[in-house]
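Per-chain numbering from 1; labels A, B, C and D assigned in written order.
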Amino acid sequence: MNNVPFKGIIAYPITPFDKNEQVDIPLFKTLVERLVSTGSHGIAPLGSTGVLPYLTDTEKEAITEATIQQVGGRVPTLVGVSNLTTERTVYHAQFAEKAGATAVMIIPMSYWKLTDDEIVAHYDKVAAKINIPIMAYNNPATGGVDMSTTLLKRLLEIPNVTMIKESTGDVQRMHTLKKELGDDVAFYNGSNPLALAAFAAGATGWCTAAPNLIPELNLSLYEMIKINDLNAAQKVFLDQLDLLKFIVAKGLPRAIKTGLEILGTAGGELRSPLQPLSTADQQQLTKILEDVAALQA
Amino acid sequence: MNNVPFKGIIAYPITPFDKNEQVDIPLFKTLVERLVSTGSHGIAPLGSTGVLPYLTDTEKEAITEATIQQVGGRVPTLVGVSNLTTERTVYHAQFAEKAGATAVMIIPMSYWKLTDDEIVAHYDKVAAKINIPIMAYNNPATGGVDMSTTLLKRLLEIPNVTMIKESTGDVQRMHTLKKELGDDVAFYNGSNPLALAAFAAGATGWCTAAPNLIPELNLSLYEMIKINDLNAAQKVFLDQLDLLKFIVAKGLPRAIKTGLEILGTAGGELRSPLQPLSTADQQQLTKILEDVAALQA
Amino acid sequence: MNNVPFKGIIAYPITPFDKNEQVDIPLFKTLVERLVSTGSHGIAPLGSTGVLPYLTDTEKEAITEATIQQVGGRVPTLVGVSNLTTERTVYHAQFAEKAGATAVMIIPMSYWKLTDDEIVAHYDKVAAKINIPIMAYNNPATGGVDMSTTLLKRLLEIPNVTMIKESTGDVQRMHTLKKELGDDVAFYNGSNPLALAAFAAGATGWCTAAPNLIPELNLSLYEMIKINDLNAAQKVFLDQLDLLKFIVAKGLPRAIKTGLEILGTAGGELRSPLQPLSTADQQQLTKILEDVAALQA
Amino acid sequence: MNNVPFKGIIAYPITPFDKNEQVDIPLFKTLVERLVSTGSHGIAPLGSTGVLPYLTDTEKEAITEATIQQVGGRVPTLVGVSNLTTERTVYHAQFAEKAGATAVMIIPMSYWKLTDDEIVAHYDKVAAKINIPIMAYNNPATGGVDMSTTLLKRLLEIPNVTMIKESTGDVQRMHTLKKELGDDVAFYNGSNPLALAAFAAGATGWCTAAPNLIPELNLSLYEMIKINDLNAAQKVFLDQLDLLKFIVAKGLPRAIKTGLEILGTAGGELRSPLQPLSTADQQQLTKILEDVAALQA
């Protein structure tokens, strides 16, 4: 596998807003710094966690530049550049490359369900315009398209499409990728509650917002997998499962923002129509974080 | 029911593009004129058919103005102003009102699944800023949220939310709306193959792109329902069912553009990543349109 | 359409049990008599409502004979003879024919999902051994198989398979049947809350347990359809919709038994593991039946 | 965990029939012997693989006795006694106990979807009449009911319900069982393609028909898990994945019977409506078994 700059825990920062619902770049940099300094192996701004689709082009550019500046080459960066139109996807991919991103992540967003040929042409046009590697992202729940293994194989024939992020939440898909694509591709898990099963299936990394709240547990799971200790991996995974399920169920931007505040760190505001967690949900999250802390004590 | 300006066949124009994938306003006006002159009871630009999410703010404004200018008050206009953020939804709703739209249509678009409270607040903020009526649009397939009858009742408490468009494709939902909301609300069907069942369930109107290709059949179905002739309505519905199923299955912008060309009218280009129908699909559509013409001869 | 002995309201009696959970034939006959005397156009014992799969062969035979004896030729009878094995299906179909049944109903029950060829062979073997017509029944929820239109066409090539009962709950399926099979087949609706939509789509009859509780409303819906009065049909359908949804949601044998008792008629006991409705459900059903009575007063 | 007699690979024999579709007990015994002598850790007759619902009471009793006689106490036996009615379930459970079964497996079969209370009462009545442990089996696809974790906890309060077999195919369910029930229960995986993920999640055993065809690979997976060697487990799992997916996709009785014949062992006939694999499917299975043999060579 060439041109595969990521492995382990790839952390997704949220995009924080100020009281006027404008992007708060200084706070964003602080949050990125936390992720790097606590040990994540890669930083991925402008994902679903970073509310990419809710941002203007200008805001996306500011986030891209702030990330690369703050990370300063300590770990690789994976910038989300997905867009409904091919033209805008090319634009943001080129911007990310110029700004110094290690790679870009692209999900074939679709309002109208895209055909396989449309998806291949979409990636092809973007890939032809940049020189950094592309992680193709499959997530039917947000992208509206479930890319088949056959389609993924076609995408991997494009030279700089070298990585696949899988978020169907179906471990069978990962077995199939591993079985059919073997060592020709690195695949990454994007479904938090599937973290253990995905690593057991051979995932190269885990794309997750959880390191904003519980970096030690996330990193520990990866370490146990690396040393082939399944029993220990299972234990540390069960220790973090409630938190993983909670942040997925409540929506990552809402849950991470609130979790940060519970942990004593500013999380900023959300952009409407997104609203903070209810009081009951906040209390549940506080309890989960206390339980996690007790386990690690 | 007050403040309900639509009934019958509400026609959705496509947004045509030129060779450089730029919006073609003159062609758009021609297409709107066809819809009005063939008898549609309302015109709804910037819907899914009009590839709303693929357009820039400037393009949306140009389409809005072109529609209202071309329609010239002959029939009411329903402008799509949905947006992921509340701020942009307010902006486009205000623009549409100022431009002279009869009403606006809003689907609670969601990348992150919205809570009921978030959806109510979203509509509430927009409704407070405009004086024209709002059609709330429920379409889980494109909006990512299935609004319950309970939620729809909450929305209808907002004074200028007076209409509901239902596109779940489940006729039971319409029975429930009719049963629970009775004469307090007008509901509209947005699922083409459900047109007969929806009218039988009491729908006030049918939101459809089909009048771009078969206006006589669409209007005839409504006429038969109006004179309470179910047998005739069933017959004219079966005559158009194959066309309705085809345009839904292949994607409305693709299918309508190609259908227009088969009928001898320019349909413009699509914006990437959307691509034209395959040759096989074009042949199938040609056959369906020929069959429809033969039935009407 | 030849060999199609049913139209209108085909009523399904429950199978009542005594205190020892043994079939109560005298009470069963009383319930059948109620259905005939209140005007149902056909009687269908040993359906899902009649808990066919919970009965022994001997019990099925007793129910078959009791039905035919009690009905006495006043209306046609449709006896359920479905079984997991082909051999037992043939056995019960032959028994029903000899006992005097007008027709038999067969769903391709499947523990292991059957292939199309297995289903065709199953019907073929049964059809070859009897001379009365067969109603093929499609209900994925209980049969585990969703028979495609293509498969149904193959079944209809068997001479005495002349009727189709559709219970997918999807009105599109009925439109497709009507469109593709046209006047070559009679189709019947088996989904209670779809009764209006199915008649609007051209269904020949409605297979339902509802006449045990509200025969006048069921018959009235059919009458309004027959005289092509959609507005009146819609009204009488909405009057019965709550009852139809309740009996489906709670399970027909439980709901009908309790409803009979609320109406002052013995409903017998259920066979374990089936248990009576909860007190809250009983109160809800009482309320629904009172509302229906008030509408008709 | 007390009263938990199973771990590792629990093998499911098919029920073979002769040319007249009668149960072939001598061949059945031969097939059971193969499973025991190749090392399976338990034998489970009268499962889905053994076409339990297609058999008469007498046939079930003959299979039960043949199994216990042939196994002769070398490994524990798990006899399927599920039935739609509580009365018949009690009957078969008592028969199995008297015949010498180690434990019984019970799925809450349901034609009518059972309530939680009905399911608890069902298990309760059976459990009260026998002294051997019960494995409660959750398989929505065949049983029609998906038992929640809450319901499973209620079942586990019944003293001799000590084991759970999970076949939803969702690894999250297993994480939840492990997390919430901890060491109070043994859970078993019944979904073949989930074998690796289930063991990684802490499953005590794997209920599978695969040892009829590839016992070494099945046993090897369990061995690698026991010695905590995830890398080796992943490799041996991928080696058998195609076979596991094939037998599930084509139906276990059909696929195992054909696979046995490909391997040179008699597999008997199927009972109608079940029919043998198509020629194309037989060729595919031959290829898969050759590939497996090559891997092990």
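By definition in this document, a contact is a pair of C-beta atoms (placed from the backbone, for glycine too) under 8 Å apart; a residue touches a chain by one contact, two chains touch by 3 or more.
These are the chains along with the protein names UniProt gives them: A, B, C, D = Dihydrodipicolinate synthase family protein.
Bear in mind the structure is a predicted one, so any value in this text is a computation, not a measurement.
If every step must land on a chain the current one touches, say how few steps get you from chain B to chain D.
2
Among the chains, which one keeps its Cα centre farthest from the Cα centre of chain D?
Farthest from chain D by mean C-alpha position: B.
With chain centres taken as the means of their Cα atoms, state the distance from chain A to chain B in Å.
From the centre of chain A to the centre of chain B is 35 Å.
For chain A and chain D, what's the span in angstrom between their mean Cα positions?
39
Which residues of chain B touch chain C in the complex?
Contact set of chain B toward chain C: 171-172, 175, 178-179, 193-194, 196-197, 200-202, 225, 228-231, 233-234, 237-238, 241-242.
Would you mind writing out the residues of chain C in touch with chain D in their complex?
21, 48, 51, 53-54, 84-87, 108, 110-115, 117-119, 121-122, 125, 142, 251-254, 271-275
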